[in-house]
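Which chain is which? They are A, B and C, in the order written, and residues in each are numbered from 1.
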Amino acid sequence: MLGPVPPAVVSVVAALALWQLATSVGPLANLSIPSVTETAGALVTELTSAQFYIRLWETIQMAVAGFVIAMGLAIPLGVLIGLSRFAWRSTKFTFDFFKVIPPIVIIPIVILVLGPTMQMGIFLIVFTLVFAMSIQTGLGVRDADAVLLETMRCYGMSTWKQIRYARLPSAGPYIAVGVRLSASAALVVSIVAGLIGGAPGLGKSILLSQASGDDPRTFATVFVLGVIGIAVSRVVIWTQRKAIFWMPT
Amino acid sequence: MIMTWWRRILIVLIGAWIPVTIIYAWWTLSAESANPYFPPLSLILERFTELWFSQEFVVTVFPSLRNFILGYALACLIGIVLGTLIGGSRTGIKYAEPIIDFVRSIPAVATVPIFIVIFGLDIAMRVASITVAATMPILIATIQGVRSADVVQVETARVFHLSKSQQLWRVRLPGALPLIFSGLQLGLQIAFIVTIASEFLGSGFGIGSFTLIATESFLILDAWTGVILMGLLGYLINVVFDIVERFTLRWYYGQKKIV
Amino acid sequence: MSIGITISDVSMSFETPTGTKDVLRNVSYSVTPGLFVAIVGPSGVGKTTLLRILTGLTKPTGGTVQVRGSAIEGPPDGLAVVLQDYTRSLMPWLTVEKNISLPLRKKRIAKSELSARVRESLAEVGLEGTEKSYPWQLSGGMQQRVAIARALATRPDLLIMDEPFASVDAQTRFDLEDLVLKVRKDFGITTLMVTHDIDEAVYLSDEVVVLYGKPAGVREVVSVDINFPRSQIETRNDPRFAELRTHVYSLVRGLSEPTEVV
């Protein structure tokens, strides 16, 4: 006997059907918007071409490189500014400022200086992540339990021990959250760098297919990006559950 | 902790030395610069005042701001209304979740080409991309907020015979506001990014286009002023949002400070 | 006018992953209008469950609760509640004034009448002048008094309280107990209150209902024959008070047999 159809399947099928109808017989039929079948065709072509995987690899490479560099800079920096009140207050305004400035606005200058290259993408990713991640780490370090710190001081524990056993553990969950958000953001910026700045990768694929009017391919690539986005957030959450089982998120 | 006025000033001063140093260093190091990409800061500022304290500001920046505000306002409206409807119904969530999950996983900027295909390069395309991208975080936050309404509060409302709509307006939605605001803030940032992105990708008018065209035509000074202006606008928008949030949620922050 | 409430054969069981859990079986009891009734029993016996059934928030799996001669289908009219968790039952985004007038919005009351009622209720609980404060700016005991004021402002016929004083300090608790006695004297509202504190139950009420067993039933209804007004010092030193509390205590502990009337 067949069980009830899961709602997820129903709504996905409904959405696809709606799209197909609208673009084949419905109100959008004569607007040359790709239908489901056209997009699916383009998707198959994409997924069976070597080009696609090269582009995908480039996107991932940029994201990973930018992510690693940003974390390598931001976590130690965040610990430092979190440890000293003077450093924290000194950097507060500057870091907050750069944190809220969307990376996209600096693309024109970055293209000028670095050109449409992988380095440009990596630079954008680092610029996007480094300030938010430093602040996040610093907040964690500063959030160490005051009573615990006092107690340690009373027992005459060295500053290093206080850092090692109170400050860093308190930063742990903050860093974990920051890492998770940064990983997703790195991927997004990696794609944006391609789409807007012409850096290699899937973003550039969309830029090229759009410029050449290959609409089904544009749709197919964007579709793939959605799937990758879901996959990445699932993987990151899963990894963190495994790695930091004590942290309830 | 009571902040005396000189303490406040001290904190501002401590926060100011790094930006001041950066600007000073930029000014002196670029003063004699022969590097075409890094013109002297004095020239950039001169061009900045020349461009943006004139009619040019209205012509270039106004369309961007209009699209941004229109798209964001629509996103707020759609996100909150739809989020309340979906969040209020258990079956609604089951059906909507996979679609929402998918759309929000697409990088906001990457949806712009889709809207270019659908709407062409006109204003509808820009506003639609801004709206759709910015709606997602607002929608998700509202659904979560309405769903995670405090059981005790809702039951209290029921016992005192508040009508369904009163329960919604006076209990569920206010309780969800802190979460909704976090969605609104994310939506705001996305709306701004997509505003610029839609101008980068669909050439024409607006501050994004202006800057990109300047870059492509090697009008380096113009490009710098565009970047600086966009940066300042992005920052200002966040500042304004923060002020509105602090005011609306003063009960929330007041409560948090005490607990 | 204060009203009675009749509990007939109420049973409640929950479906849990480990099977059906019978919590209440055939609870029957009739609350006389105007009385103050305390419900006591060991932890986890089902006091909150019973109270939720009485408020109409939960439907019992068996039996009925009748108010004004008909079985309730939801929160009955004229009901007001005060819950243990005052930090959660007051809305933190509303001022004290707005919190108190929130349940009155339904009732089409004129603005002037509304603010008069808010003022009166606040005066009754001794919180004059806190109208414009937010609940979280007040101490725990004061917040609980706001909750009581909110209940009073609706002019209830029936007041139900679940461990209203469980999370305040001992001194505040005494003050709140006397406040409840005063409200009782001033308004004569039928009141049902769950408490863990046997002394408190005896001190405040006309009748103490002891729930006991798994599933729980009414083990005994103890009549508290101590005259009003009561006072923290005299009443608590009354030999009768000592007898009654010992009796209720042993019932709750399952030590003494019911109806072994003292």
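Assume a contact is a pair of C-beta atoms (placed from the backbone, for glycine too) under 8 Å apart; a residue touches a chain by one contact, two chains touch by 3 or more.
Just so we're clear, the structure is a prediction, and the values are computed from it rather than from any experiment.
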Using CA atom means as chain centres, which chain is nearest the centre of all the protein shown?
-> B
Report the chain whose mean Cα position is at the greatest distance from that of chain C.
-> A
For the pair chain A and chain C, the C-alpha centroid-to-centroid distance in angstrom is 53
If you average the CA atoms of chain A and of chain B, how far apart do the two points sit, in angstrom?
-> 17
Separation of mean Cα positions, chain C and chain B [Å, integer] | 49
By residue number and range, which residues of chain A touch two or more other chains?
-> none
Touch list for chain B against partner chain C, complex = 150, 152-153, 155-163, 166, 170-171, 174-175, 177, 251-252, 254-255, 258-259
Residue ranges of chain A touching chain B (in the complex, touch as defined) | 7-8, 10-12, 15, 28, 31, 33-34, 86, 89-94, 97, 100-102, 104-109, 111-113, 187-188, 191-192, 195-196, 203, 206-207, 210, 215, 218-219, 222, 225-230, 233
Contact footprint of chain A on chain B as seen in their complex = 11, 14-19, 22, 37, 91, 94-99, 101-114, 116-118, 189, 192-193, 196-197, 200-201, 211-212, 214-215, 220, 223-224, 226-227, 230-231, 234-235, 238
The chain C residues in contact with chain B across the complex are 55-57, 74-75, 77, 79-81, 83, 85, 88-89, 91-94, 102-103, 105-106, 134, 136-137, 154
